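Each of the two complexes below includes chain A, the first together with chain B, the second together with chain C.
Our next item is the complex of A and B:
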């Protein structure tokens, strides 16, 4: 009898815990499901302009005018072919990539070199120099246009890639110094002391010990520089006068007239301009996330 | 010996080549037309120019008008501007006023320009540019929707427009779109058309009287009537103020009209070409604005862009040849046809197609006012579109207060 009672009790406990578990799982599923639904909806809303841009890029002008929000009924690949020829796509992409890569290399080396002593030396002078560097971030870019133009003209570098590289490097140095100084302050001094005991000079310590540790923050800095160079219109239009040397964004904006827009050119041009950036971000997504979260947890 | 001859020959050829390349003048032209979305027959005209002047090579530096605002002043201040720049009345006011442009009074083209346009070519007695075109604003009409609503004739006055709006609304057709997003351009233009046309043959430069302080906005009945005209249109449901305020005149408004969702759209003459290329709407025409202060509709001239020579231009002679070349009917008409606009030359050929005949007829009859770009104080120019859009959204407000505010802005400028 007792055995039966115990068994039935165990069974009832089992069934009640099972039902509890089931309800917990069910609750969890509902919670998870609604979270997934919510996140998907937010993602869809955030991506809707991009999706719209891609769909529109394949439609004819007449279709867009008749039904601006409709999906393409036929894919007009000719839109892309026309734009690629009109904007010298390969040339402008190569120009932009070249200028961006050189700028990233220069900014990361120069600003990390400047940041190293600023992060390590504790004096009023170093604080002042640090503030001086940061001031560069608050100068409105338009206020610097004429002095920069004079500077580049006097160097004889107008209408050259070097002009753009110099302007972008100078423009991003304060940001680089700011990033690196904050990051280097978190690197333990013991590492440098160990290297010093091994007889390394300060420059060697920087190059072999510090610089390799800056990878994550350099990734983040590279994103900022890439976006800055990629989206800039003013500097290429000011310093470059030969069409073949233009970077991508001025080439895209050519399709945006003063009083009219040709969607069959503007949308494909916008897609083509974002494409290399998307490829880079997908290829380097791991490093980018590492860079963004670096220093978040100590 | 043969080798020596070959070397000497190639050296001579190299010298000749370098001499010929040195002789070529590169003329840098900065323009917001000529490429991208607004090619406007530039390649043909440049080809003709280079054929006529084989020693000059044109380097067209295309950029949007807004980008010229940032990049050209920097180059001018540095003493290294393009050789020729495209300008309009607003640039003339700023760059001409700052002494950055070269006076062109002695150039032959000046005599070829229509006499009534000469006063717009510069500042005071100085002529700074060669105006290439007169464009204009009017009301695009979807002829099929007019037929569908049974509206047989285009309204000449606001009263007639109100009647037409009722007919459209009865048939479930949106009569008009007063697209006002991004600066209130359309209501501003429509208001000015009504307010500046104080009679059936208005003075095209009436705005000057207000800007000089000779007349007061607050005392002007035509200005007050223009606000009343707006009120009448809103009360007759000619347009939805809220929808209009949120509609961009340069993109969404165009697609709305082209897709046949609205019967009338106030817009610029420059849209004739894209509308015609798309064959949308299938049947359309360009008309003058219905008026409130008279009985004949008016059009609004928009004095278009043209060429100017910066004072530090490195190729002045070539730049002058460029300007003169453009200001001949043979070449200018190619541009005007592509840009569907009106010639500035005496006896010149305009590029306006027959579907804009009602517009041209009104203009020829003197029913024309001028869009005051560059001729009113900057503060007033910024305030007026916003005030008119604000009135459009709240037509019960007292427009006398708005007019008094405009007078104050003029006073501030004059003092």
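Our next item is the complex of A and C:
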């Protein structure tokens, strides 16, 4: 498109100067090419720690000591087998997936249900409640940690998955209410009005008319929840005491500890812990990028 | 007066939100006025926890570290993100592929990135120092995480590394909203690319700038994972941040009252900074 604009401009000014035209194209190509080269180099540099992580995970301790930067000469899969067994890898991945899925279901239902009146009613009450929910987005998760711990303890929910599901669900409610309210405001009211005339109750309208239309924004919300649950270490460390019930990142943390980490454990554990999210990311990268950047454009 | 039935739909979410977020926050404020070790009764100590925070030299350093860390990350992450987005926007052939590749680090978790970089930064046999030697830059070697004059910046650099792709993606979304006619017109009129970047791109990217700065600010102010894994707050408190200090008070010192007080300070700090930033950035948007 850039080329066409320039071409028409050049032609209208001086139709005979083909050489000038060619030189402009040539200049642009060189410029484009050098920019592509520059950004490819930058990208490679930024990805090098990830590549380093993968290469290191296949090397033996001796090889790493002798030549810290060399490529793997032979693939030591034994590193991986040890970590998978010692860290209870499959179990922790299943725990994380389970907690994530239940949280996504609860957040999407609870917050879309709450967003429905907030998006449709123009009253002081509903705008006040909306602001009250949004307040939750700026409160850092640390702020209420101690009282929350005491509360969960008093409810007898320590060391249960329920504690994690509750904390994650409530933690993502403000984001859910925010997403769904702005999304629903853009849905035309005609369908609901038709359903009301047919005598459907508000709950039926929400469930059969509104909820099915929320799929795109629910996808975006699911991405944020997945990243939040997957990467969290604080809540499981606080609420879960049995190692078998831990989610993935705190399991890595407990497995590795914090001082003088053994590279033959560190790198395979890092690759294994990142793998599920990276696979999902590459499979759905278009939707994820669109979801994560929604809101940047008015 | 007839109340709309749909208001009842608010109740489940509202109940859980009050019970598990607002009630604990209120409780936290009252807990911050006590000394409490998790068992037995909490002793009321008034403002003592707060006095300690604002009189203790170490706590003042924690506040300073947190701010320096936040400012460094916000500036470099968004500055680089903006430059990357501007360049990528001019090379549509590879734009999407590079945008995806740059997002890969932000798909790792903070814990994993922390571990990998701790190893890269290691003084002996660490990837970075070894690389410098093999490039003939041996004199640039540093004890990246052990030298108190640079440790905080070494940790901040990892934060920038991890999320610069995210900033880039948001700026690119902003670029997709700028009509190409405006830029073409400027180019035809002979406006240099640098001038068009400052006088066309930056004003039109105002909403993306607001989103990026707000996200980066909240993200850095509350994060504790990198200093926790890479330095444990050392050397000599050089990388101790607000989030990490609260984490330590809860998990290793069991001083719940002090932790609550520091959390209240953190809420106020985050709220103050984000409100100030937002009203400034939004008014900037409106002017344009």
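Note that in this section the second predicted complex is superposed on the first by the 226 of 298 C-alpha atoms of A that agree within 3 Å, B and C clash if a C-alpha of one lies under 4 Å from a C-alpha of the other, contacts with A are read in each partner's own complex, and residues count from 1 in each chain.
Here is the rule we use: a contact is a pair of C-beta atoms (placed from the backbone, for glycine too) under 8 Å apart; a residue touches a chain by one contact, two chains touch by 3 or more.
Keep in mind that what you see is a predicted model, and the values were worked out from it rather than measured.
In the superposed model, A:254 makes contact with chain B only, not with chain C. Residue contacts after overlaying the shared chain place A:158 against chain B, while chain C stays out of touching range. With both structures placed on the common chain, the touch criterion links A:131 to neither chain B nor chain C. When the shared chain is aligned, chain C comes close enough to touch A:120, but chain B does not. After overlaying the two complexes on the shared chain, residue contacts for A:90 are found with neither chain B nor chain C.
Of the two partner chains, neither chain B nor chain C is touched by A:197. By the touch criterion stated above, A:206 is placed in contact with chain C alone, chain B being left untouched. Of the two partners chain B and chain C, it is C that touches the larger number of chain A residues. After overlaying the two complexes on the shared chain, residue contacts for A:233 are found with chain B and with chain C alike. Overlap of the chain B and chain C contact sets on chain A: residues 64-65, 68, 142, 145-146, 150, 233-234, 237-238, 253, 256, 258, 261, 266.
Chain C contributes residues 4-7, 9-10, 12-14, 16-17, 19-25, 27-28, 31, 84, 87-88, 90-91, 93-94, 98-105, 107-112, 115-120, 125-127, 130-131, 134, 161, 164-166, 169-174, 176-177, 180, 184, 187-188, 207-208, 211-212, 218, 221-222, 225, 228-229, 232, 243, 246-247, 250-251, 256, 259-260, 263-264, 266-267, 270-271, 274 to its touches with chain A in the complex. Of all the residues in chain A, the ones that touch chain B in their complex are 61-62, 64-68, 86, 142, 145-146, 149-150, 153, 158, 233-234, 237-238, 241-243, 250, 253-262, 265-266. The touching residues of chain A, counted against chain C in their complex, run 1-2, 5-6, 9, 32, 35-36, 38-40, 42-43, 46-47, 49-50, 52-53, 56, 64-65, 68-69, 110-111, 113-114, 116-118, 120-121, 125-126, 129, 133, 136, 138-148, 150-151, 166-167, 169-171, 173-174, 177, 201-203, 206, 230-231, 233-234, 237-238, 249, 252-253, 256, 258, 261, 263, 266-267, 270, 273-274, 277-278, 281-282, 285, 289, 292-298. On the side of chain B, the complex with chain A involves touching residues 28, 32-33, 35-38, 59, 61-67, 70-71, 73-75, 77-78, 80, 82, 250-252, 254-255, 258-259, 268, 270-271, 274, 277-280.
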